[in-house]
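In what follows, subunit A forms one complex with subunit B and a second complex with subunit C.
Now for the complex of A and B:
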């Protein structure tokens, strides 16, 4: 009896081996952190670039310091991402795994061609690419962009992407561009999707812009990493139609209640000494109020009120704004007007040039319709939005002046 | 049949919420959302309203007839042959839905976590575990459900919590999705998503006293409808109207999407463990109840040896459909539609017959 039991148990042990079908050693896998996609001359064939992280570099376990590169970037032609990973195995020694992908980079050429959405479809089908992957559009070819990314301080590529994208998003100069959002907006077919715009190449520098009035490539800078992430690529129906600079992207953040931005330092014209500008920390405690008054046969009215707060961080002109009441009022008005003016320009650009908005405002018109059919018939992005009357109102609720009561008095300093 | 009768309200409650509540994390939401877009979260409410009177009626009859389980009740009211025939029909539909459902779960596990393993092997392992669990008997199943319940519900709530900052309330509009008519017809047609509540009545006499059964089933069914609606609404708010119908496994899609902060990314395996636990519990309960119903119809006293052949047949039938999509969108869709009238009408028929026989006046 005991012998029988033992034999039975021994016979059952091999059953546990069925768990080994999907066994994969960590060592056998190559973790891709960035995928680049480029157009080729042939239709339906794309160039895929995989940036593979080397987990050995930068980890504390390797005591002696490994001589290996922190990453390897390879390009291969193929018709979709997953089959390309197999082809790439002819020269990459490990199984290419996409589970840890952080960014998906499309070249501007591909993004503008309208083929981009075909690539995106295949990413939704596989379980390997997560919905949290960020979409990035590079000005040059994605393969070139990835080859030239060479951060000096962050040798580990996954950390680099995570940190730079997170920080740039906090400041609002690049948008939140998850694949999840891309599908919601593209399939919803009512709004514009904003992807991150980046480049490694210097374009003609734009010297006259203020702190955020650039798109990637235009920043006049010295030293540091060559890669610039700034502004956004505008997608309409899955096809890129233009770019927004950093400032416009920040405004899009302000108007879009589904996005948030933590840190917005920016300058405003000084109302008294016009050659100077005033540095301020913009913050928003509550979402903008968006009221849409839908009219079936005449233009729809959209009223937007943005409550915000300002903390002044620099007054290079040394004019007394904090204690002088008139000056304070003047400053308040100037800031509001400056923001409203910029917003009006952006709104006009979206209404006339793009004929759709990147603020996700289609959400607010939905309540006027009972069914999807009615909603789609009314056609937000072709019919309602381009003809709408839009009224933007910035409302400065609190103006603070940091921890100084007053600036140094220039005449007293220089007597 | 073992007759310890130690099970109480809480065990029934746990079994019901796991057994039926699991539907929020399988392909049921995608089946419904492909029909009604963003308004699909209303379907379970309508289904529940449609089917709950029949369920309450059945409970009422069981109370009147005292100490009879589902099949004994059918026989007592409709006579032996007719009762057995109806019992057998219920068994057949439940068994078919067990087979198709289990195939669905296996496909999900394969697609998401074990892409290289053959479906057949996964199926055998999955049903094998369910078989071993079911073989342990109702008491063990009840206790394990009660122990597993907090873990399962906690992981689901954690998921809901982590996805909460991604939801946009306004996505609920346009409120009726593809139209009120679609929502209503689908709600009525798919009322059978709650048919599994009826299967528990086979265990009516197995609880400490019948009062605990009634309390447990009321509590269980109301919690189930609440959580199913809550999660369906969550899916709508996360995915929006055009995408929610395209996502095959919304629960797993969300677990792949969320992170515990920046450091712990790709955490879906954490949720998978609890999901798998719930899935096992679900099929353990399913298998056990089906074997019981079958045994009751054919007057088999010891029904636990029946579990093995039923587990085997489940795999055989479940392997018939070619792929998940066909299985889910065609077979399961049809089966749910056919089962609805059966489960809505049989308690009413029972009540009418019992009423005219004069049985209801006795007590």
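Now for the complex of A and C:
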């Protein structure tokens, strides 16, 4: 009996010795919500900016301490993200944890330099950075962008990123730009990857654009935050080659069945009174039909049919489109043509300027090849897509006019 | 060497019971010596001359445990007034037993009977005139239900048997008597339905009762510990219930019930985990309502064992799993707390256990103090003193509250001990070690058997049964009796084919 007890105790003692080896109390960690990466003058050395959330601000349970800032933004030079966190500990008091990072911000300069893909490698290797982190390209330096983010309504930074990115993605003006998708597309080496484009700096305002024909910085706005999230940065083979504006990004959502968009309110030209525009809610019940007819020696044909529905939400011209059958037909045709025209412009831009598409259409050509070698040989990126004949066909399946059919009769109101 | 043998022989002869003598004087002397007459205040005797035979008669009994009126009506008056040929013609009480030796006599006097010695007769007679005091039938207080019969077992064996017979009019319902204890012999009744019960299990129950080596087994709570297989195990294997209705439903399924004086309840064997998990109310409520209640209880079962441990594991090892808002809230509240998180949890869990223990033991008039003190420890005061963070209060409150939904007293202790095992294992390597501990615990519990029946049957191993485990079927669809106890008649519906 006594021997048994002794053996039991001896067996239990090691538990106390090895216990809790990777245990970390919550308050001993600093939670990074955004990581910024900038170029420096030296090659292989980058400036990393960490935006750290202050847990004490914004939680009701804690009395006092409200004088503190809601976030701390620190920059440090280093060669990769993780080692930089250790260097930053010389002035950040807690262990820097990247588990809760929401966005990874690269400056446009870095993104265009081609070094961006080198930085990204460590994000795939570490368990700390999630694959769902969004990639964002800022027009200015990432450190400057992060320093100047100052949301008025969300005190806590993570909430701000979470809300603005989710909502902007729902409207389709920025793309879904997860790290996972970045690697998927970049390593697939056939399509363009779209990253979120944002800035804190106002560029020259673009006054002639309609609701979504802007890139970040161009919005003619007053009040609110300085930060603008609009449009996307186009990456080809891990290197940024251009930007798409909000409308083009929305169209990319329409053509790419792997992307989701919930809300698309936009305007279309009024076919009868041309100085006005018609506001409509675009919705899509099914994915677009993408048919690729692969021809080895002559241009490939790509037929895209997009079935969609429209609910008219505003007719400022007060023209009767709902009851008048001819007008209705005309409106239908205008909307379809307007969408097709914009799409054709976007397609031309991708074919001529980028020589690749951001719609993930390479998924539909793969079935024509038996081996990967064959597929690589045919070269979707350089050969098939830029030369393809692309036929976009928008098909308005249902046109609704909201809950009121008639607008106010102007002649009666103003008699 | 021979001396030793001799001694043994002597003790042997001494243990042989002395027979009742023909002479009254000798009998009187002997019995007075046995019961320390004179010193023993309530040991009484009456002397009279019987009318029928004109012989001297002496009646011995304990005045404290017999009914004085009954002694007079059933014994004294007939002897003084009636005529007849022999004593049997005179005393016509319902239970008259002939006694030939003093050991029997002692036993009978101890159990509240009066012994009659007649001069010139070497047979004594025992008449049951016992009147033990007991509490009236009360409400079931520890297993409360809203619906269903409210009466509970009381501390009297006969009353308890009557409560069961009242519910089950079956000629096959047998109450088999057995005596346990060497010094003070206590009556134990094994109750079962003869054409349902599994003979193997019945035999095992009888054997275990026979094998009890104790001077005195006062009540069922002690008996349980004598008959269970594994006294050191974490989980109980005998069910104690104070509801006759509950007991009867087990009888109908072929289980065995053990009753005893001095216990307001009964023991049920064999039982499984599900017996402890179920409440009689599950059956008294309609199918959907009863199952909803079980679902809630299962959730409570899970929460009470796991919530503290999971909290420790996630916050200490897997903080990436927390939504950032919650993470920051917890972090903020912990900034001023001086202890590691596992210590915070332990402080509160132990405080809760203290309140619970004190709450049971505290005398009724002082009861309200527990509430006040408890609210201080488990509430805002502890948070304001920066000893614990507010979220811990919620965790402990949930963990404590859900433990009350585990109704059975025995399994409740198992669950509470388990909770501490899980807390420590979660503090060791996070979810990884918590899962390890859970698996080990689960395997251990699955290995337990109650009178040969696996603890998780009929879920695993599976048996033909009503599958009354986590959920129950609609009552009209219950065709089988639980197969894990192998009843003689497994079909429940006599008429259906």
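In this text, the second predicted complex is superposed on the first by the 400 of 415 C-alpha atoms of A that agree within 3 Å, B and C clash if a C-alpha of one lies under 4 Å from a C-alpha of the other, contacts with A are read in each partner's own complex, and residues count from 1 in each chain.
Here, a contact is a pair of C-beta atoms (placed from the backbone, for glycine too) under 8 Å apart; a residue touches a chain by one contact, two chains touch by 3 or more.
Small disclaimer: the values here were computed from a predicted structure and weren't measured.
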Problem - Contacts of A:297 with subunit B and subunit C, given as first, second, both or neither - result: neither
Exercise for the section: May I ask you to decide whether A:132 touches subunit B, subunit C, both, or neither, giving the answer as first, second, both or neither? Expected result: first
Practice task
Go through the superposed model and pick first if A:374 touches only subunit B, second if only subunit C, both, or neither.
Solution key: first
Practice task
Answer with first, second, both or neither: which of subunit B and subunit C does A:184 touch in the superposed model?
Solution key: first
Practice task
Could you look at A:67 and tell me whether it touches subunit B, subunit C, both or neither (first, second, both, neither)?
Solution key: neither
Practice task
Could you tell me if A:93 is touching subunit B, subunit C, both of them or neither one (first, second, both, neither)?
Solution key: neither
Exercise for the section: Have a look at where A:5 lands relative to subunit B and subunit C in the superposition and call it first, second, both or neither. Expected result: neither
Practice task
Using the superposition on chain A described above, determine whether A:25 touches subunit B (first), subunit C (second), both, or neither.
Solution key: second
Problem - Residues of subunit A at both interfaces, subunit B in one complex, subunit C in the other - result: 22, 99-100, 130, 162
Practice task
Going by the contact rule at the top, pick out the subunit A residues touching subunit B in the complex.
Solution key: 18, 21-22, 99-100, 124, 127, 130-132, 162, 166, 180, 183-184, 187-189, 258, 363-364, 366-367, 369-375
Practice task
Over in the complex, which subunit C residues touch subunit A? Could you list them?
Solution key: 315-317, 319-320, 324-325, 327-335, 337, 340-341, 390, 427-430
Practice task
Can you check the complex and tell me which residues of subunit B touch subunit A?
Solution key: 37-38, 111-118, 121, 125, 166, 168, 170-171, 173-180, 239-243, 246, 252-253, 256-257, 259, 262, 265-266
Practice task
Would you mind writing out the residues of subunit A in touch with subunit C in their complex?
Solution key: 15, 19-20, 22-27, 29, 31, 33, 53, 55-56, 58-59, 61-62, 97, 99-100, 128, 130, 156, 158-159, 162
